[in-house]
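Shared between the two complexes below is subunit A, which pairs with subunit B and subunit C, respectively.
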Partner chain A sequence: MLDNLLKIKFKNTSRGRITDKISKIVFMSATILSASFIFVIAGIIFIRGVVPFTTDNLGVGRVSLFHFLTGDVWLIGETFASNLYSIGFIILSTLFITLLSLAISFPVGVLTALFIAKIAPKPIAKILRIVIETLASIPSIVFGLFGAGVILKLVYDFSSSIGYQSKGGNSILSVVIVLALMTIPTITTISEVAIRSVDPAIEQGSLALGASKTQTNFKVVLSSAKSGIFTAAILGIGRSLGEATAVSLVAGGRRSGLSFDLLDTTSTLTTIMLEGLKETTGIDYDIRFSVGLVLMVVILLTNLMLNAIKRRVGVVHVKE
Partner chain B sequence: MTLTNEKAFHINQLNLYYGNKLALDNIDIDIYQKQVTALIGPSGCGKSTFLRTLNRMNDLISNCHVNGKILYNENDIYSSDSDVIDLRRRIGMVFQKPNPFPMSIYDNVAYGLRCQGVKDKAVLQKAVKKALVDAALYEEVKDRLKESALSLSGGQQQRLCIARAIAMSPDVILMDEPTSALDPIATAKIEDLINDLKKDYTIIIVTHNMQQALRVSDYTAFFLLGEIVEYGLTSELFSHPKNPKTEDYITGRFG
Partner chain C sequence: MSKNKRRKTYDTLLNGITYFASSISFITLLAILIFIFGKGYKLLNIDLIAENFESQGYVADLYDYARLCNCESDIAFDEGVYYSSKWGIALADQIDLLGKNVIQIIYVNPKSPLFEIRDKGIGNEPIELRDEYHIIRIAFDNYPTALSRYGAENMINYLNANDELREIEFQTKGGGIKGSIITTLYLIALTLIIALPIGIGAAIYLNEYAPNNKFTKFLRSLIETLTGVPSIIYGLMGLAIFVPITTKLTNATGGNIISGAMTLAVILLPVIIRTTEESLKVIPDDYRQASLALGASKTQTTFKVVLPSSVPGILTATLLAIGRIIGESAALVFAIGTSIKDQVSLTGKSTSLAVHIWAMMTDEPANIELSATIAIIIVLIVVILNILIKLISSRYLKRKLGISI
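Up next, the complex of A and B:
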């Protein structure tokens, strides 16, 4: 009897082992496939991206890497000259715009998430959740058209009212508003999941100490969810840094000179890759890969920095 | 054991419903000041639900409603002019599973006072130290008050939760199976602590452990199916139960 049972058990185990082995191979090949694409893409961008700095670009001349990274003129597609391609001012304005839009979308997104997760009555929360998820899935070109059709006009009217002649509303402010609108749904959705997964026992502990619901939400719930909320901010920043289509419709395509003036035109690393794309050879084309390379490095560095901060924030801190 | 007739709670014809389901049926009980009252009974008998009516934690459950009277120091806690935040400040609670906040040990204990608007550092420091000393935790954590409360062991976390409640200087401490998630040594420490704390506080403890009820409590109430079957001095209830159902339960014939 015992012998029989053992036999059955062994049989099942060996079959299980084969299934395990097969599924392991399937999973691994899927991973290798997707991971190798990342390397292929990064590799091609790198190979194309170094061309302007290593060749004389079909007679136009070699681009100086230092000048490329620090200069403040970007005259693509007009007169080909190696010293007209530089993105120092664009790197700075990209970071500035990303920070400003996060300054709007982060508080709005987190507070919306808190409202949906903890304060709104259940049926309303359900509707709001659908609304936010729909917003998150709207294609960026639609946000861009909305920006071009509505926000540009508002910004233009606003700047006229304070006696400032803006270029049709194309400005840092318009870009910041469009990006904030685009990142709020992302930040809200992810923060809401983080807030909802806070252990209700912790909340009850706070209420049982005589804390009000508002105190509980801000002091205990948000601080318990901070790791997830930080992830939301990281993804929001990623979306801001990487957005090209919508931004290019409201940025105004600044060609030279660093400006942090909110009503002045601007360019970002993504818009300059997109704008005026005609040729598929020569420096005018290759230099976009160089910009792409810089953008990838910027995103990588930002993520590393944010993750370092996240680890620090995750550690309990003492208010005293 | 001193017997007092000073009532902390006077409960009169209390009924509690979850939707249409009657969960507490006509509860009449007086709970005495500075005594330990144990609530025993099988799972689902309503003892935890009853405990949570005393600081109105059941308010958080949307389909729960209560009728009848709970007088706490002669005031009806369910009347419309009763301030639930003030009530919970005076009636502390310790939960089944330790639930420290994800903050430092110090901040956990100072939390309640800070929520009341206490900002003076000297006052906070004094209150935190006293609460930790009273909860018999100070010696173990005095060198690492700034470390995360989550780094403590389960038993230490539960004593921290007791310290957090004591820091508010409550009159009453409600304990909902406070040792069910702890090992025997940590349990013994909490039980010793309960014996010390009853000098200053009225303690009401829900427990599944008969021995624990016998060890720590002065009064015991036996709950069954939402009713109180028997209530009296612990020594009498365990040695001479009046109701055969009580006897069956405490001798382990069911439950």
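Up next, the complex of A and C:
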């Protein structure tokens, strides 16, 4: 009420009216500028991304969209002189890798969150929270370096111990491990918030019915927090799909042939974008935007699908 | 009773699993720290960080087709520089960062047999001998080896006395972390100059001015969506928009610090807007009303009352932004490029510390030691920033609490 009165008064004073208008317009344009970037990004990637499919690429020839999306060889022939780019196998291996890394990071992340929120003694929980925060703030390139320096060696030793000659450890397995380690902090942080916001009345109800503390934690708390935990998984997937530099250091750069062999080299949508990049014109340059476009579509579709599933899973008794 | 016991065992097992899961994060952090410190500690040295690193050593010999050039140089060399016209190479005595006497290459004639030489190590790529490389030794058949400790004049004399050489061992000039540090600092400054005014302005609009309607909600959701875009996509945007803009307006020829900073600014906008808005939200309305009641205009209230009270929030946003700039790699690979340079200019090619790591690791052979050293620097800065953010927010909360009582 007072607020409104003041507003009326303030509107009626002529002093500062013009400067107020100007400053409002300036602040508003800053907001609109910030918000418009999402369109700028989507627009420019689309415009550049369709070029290989719509023009003849300076004489190289048009790229067939169907072949691009379904083929299993990235670039046949000389660079800058071929239109035979296809990423079908890369899309599949990207999804496969994301799924596998989530299979590790999701249970580990959620259990860590449960441990911090409900099980751990206070000092341990405090330390662990600092550990998770620090891990979350370590830049991805450092994870990549760690992957290249440590995980590649471990994977190489493991593969040679079972009689398999891997290419220096560059493999799906290495990528999966690096991505899992990177997404654990994300999943833990968000799951912990979800677990903490579970209504204590539900827990007390469970305990009153004779369930043990552990049974309550695993059966009641986790299932009550499932909506938030699901959000954590969605964010983890998003991070895995978009991660580029760390993955490129351990993937090995596969150029052809779909392979789900854990110890074989691989490529993801992001690593293939990072390869080469010598020219600033021509198909070798433009094709990266096509891959970027595909990556954005993949992320968008995955998010839509997961959000649809999340709505089905539903929200259960979460204290807002 | 036995059922009870079984349940207890089962419960202990389940709890044990959570202990195990939690230990993974702990072990990961520990392993990363041990790895980067173990590998990078040796090179961590103030002088080396401020200057250029010595990193790669090669042993090479001549290609079969290499012929003595007997080319006179038309360049006038300084005193202390020795030129062999027979081999087309000029050498000089220098003292390196470790205080050792070394022989540095001053000039290699393009026609020199040493201009392109064969790597005797792994890989069949020809390697090129360039200025500023250090020669360690040159070995000949049936002749004493010319070692760096005998000086440049001696080495040139030995070269002139021979028509063939068996092998040459030399070190390339290091990667130049100094350049990457300067670039990173430039990037931080420039990005903040671009992003802070826009981000703070947007936060002020959203919190102080924006009507509570659908359009505002729409704007908010658009800004929120930006946080979900992978950084490599931002990099593509920078490559497609900001790089051409900067090359057109300045003398830049490709990715440069300005285009990198513009791209980073877009990445950071949502972070800055959100953090600043959080801090604006907790400013009590009494402040605004008191200011307005005293006859101040809305603009005066915003700049003299609201903004000063939100300084801790803006500071937090700035620190978060710095952390992100230092760690960002994928976007910058595209928006600024991967060429590691010692001479940094705003419109020239250079790269940030994080991309420096990436560039070295994707190079053959990968330079893990130097990468780990840079990683130590990056992780230390990020941890310090985190602690600062914690301190600011806890002190801020305390002050806020004091006011509300």
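By our rule, the second predicted complex is superposed on the first by the 275 of 320 C-alpha atoms of A that agree within 3 Å, B and C clash if a C-alpha of one lies under 4 Å from a C-alpha of the other, contacts with A are read in each partner's own complex, and residues count from 1 in each chain.
By definition in this document, a residue touches a chain if its C-beta (ideal position, glycine included) is under 8 Å from a C-beta of that chain, and two chains touch if they have at least 3 such contacts.
Just so you know, these numbers come straight off a predicted model, no measurement behind them.
In the superposition on chain A, contact is made by A:S224 with subunit B only, not with subunit C.
Shared-chain residue A:S240: touches no atom of subunit B or subunit C.
Once the two complexes are laid over each other on the shared chain, residue contacts for A:T183 go to neither subunit B nor subunit C. By the touch criterion stated above, A:D199 is placed in contact with subunit B alone, subunit C being left untouched. When both complexes are overlaid on chain A, the residue A:I299 reaches subunit C alone and has no touch with subunit B. Once the two complexes are laid over each other on the shared chain, residue contacts for A:N170 go to neither subunit B nor subunit C.
Using the contact criterion defined above for the overlaid structures, shared-chain residue A:S267 touches neither subunit B nor subunit C, since it reaches no partner. Contacts of A:S159 after superposition on the shared chain: neither subunit B nor subunit C is touched.
Shared-chain residue A:A208: touches subunit B; no touch with subunit C. More residues of subunit A are touched by C (comparison of subunit B with subunit C).
Once both structures are placed on chain A, subunit A residues 212, 215 are touched by subunit B and, in the other complex, by subunit C. Of all the residues in subunit A, the ones that touch subunit B in their complex are 199, 201-202, 204-212, 215, 219-220, 223-224, 315-320.
Residues of subunit C touching subunit A in their complex: 7-8, 10-11, 14-15, 17-19, 21-22, 24-26, 28-29, 31-32, 35-36, 39, 197-199, 201-202, 204-206, 208-210, 218-219, 222-223, 225-226, 228-234, 236-237, 240-241, 254, 266, 269-270, 273, 285, 289, 292-293, 295-300, 302, 323, 326-330, 333-334, 354-355, 357-358, 361-362, 366, 368, 371-372, 375, 378-379, 382-383, 385-386. Within the complex formed with subunit C, the residues of subunit A that make contact are 2-3, 6, 9-10, 13, 15-17, 19-20, 23-24, 26-28, 30-41, 44-45, 48, 107-109, 111-112, 114-116, 119-120, 128, 131-135, 137-146, 148-150, 181, 184-185, 188, 212-215, 217-218, 238, 241-245, 248-249, 270, 273-274, 277, 280, 288-289, 292, 295-296, 299, 303.
Contact residues of subunit B toward subunit A in the complex are 55, 57, 60, 85-89, 92-93, 95, 97, 99-104, 106-107, 111-112, 114-116, 121, 146-150, 161, 164-165, 168.
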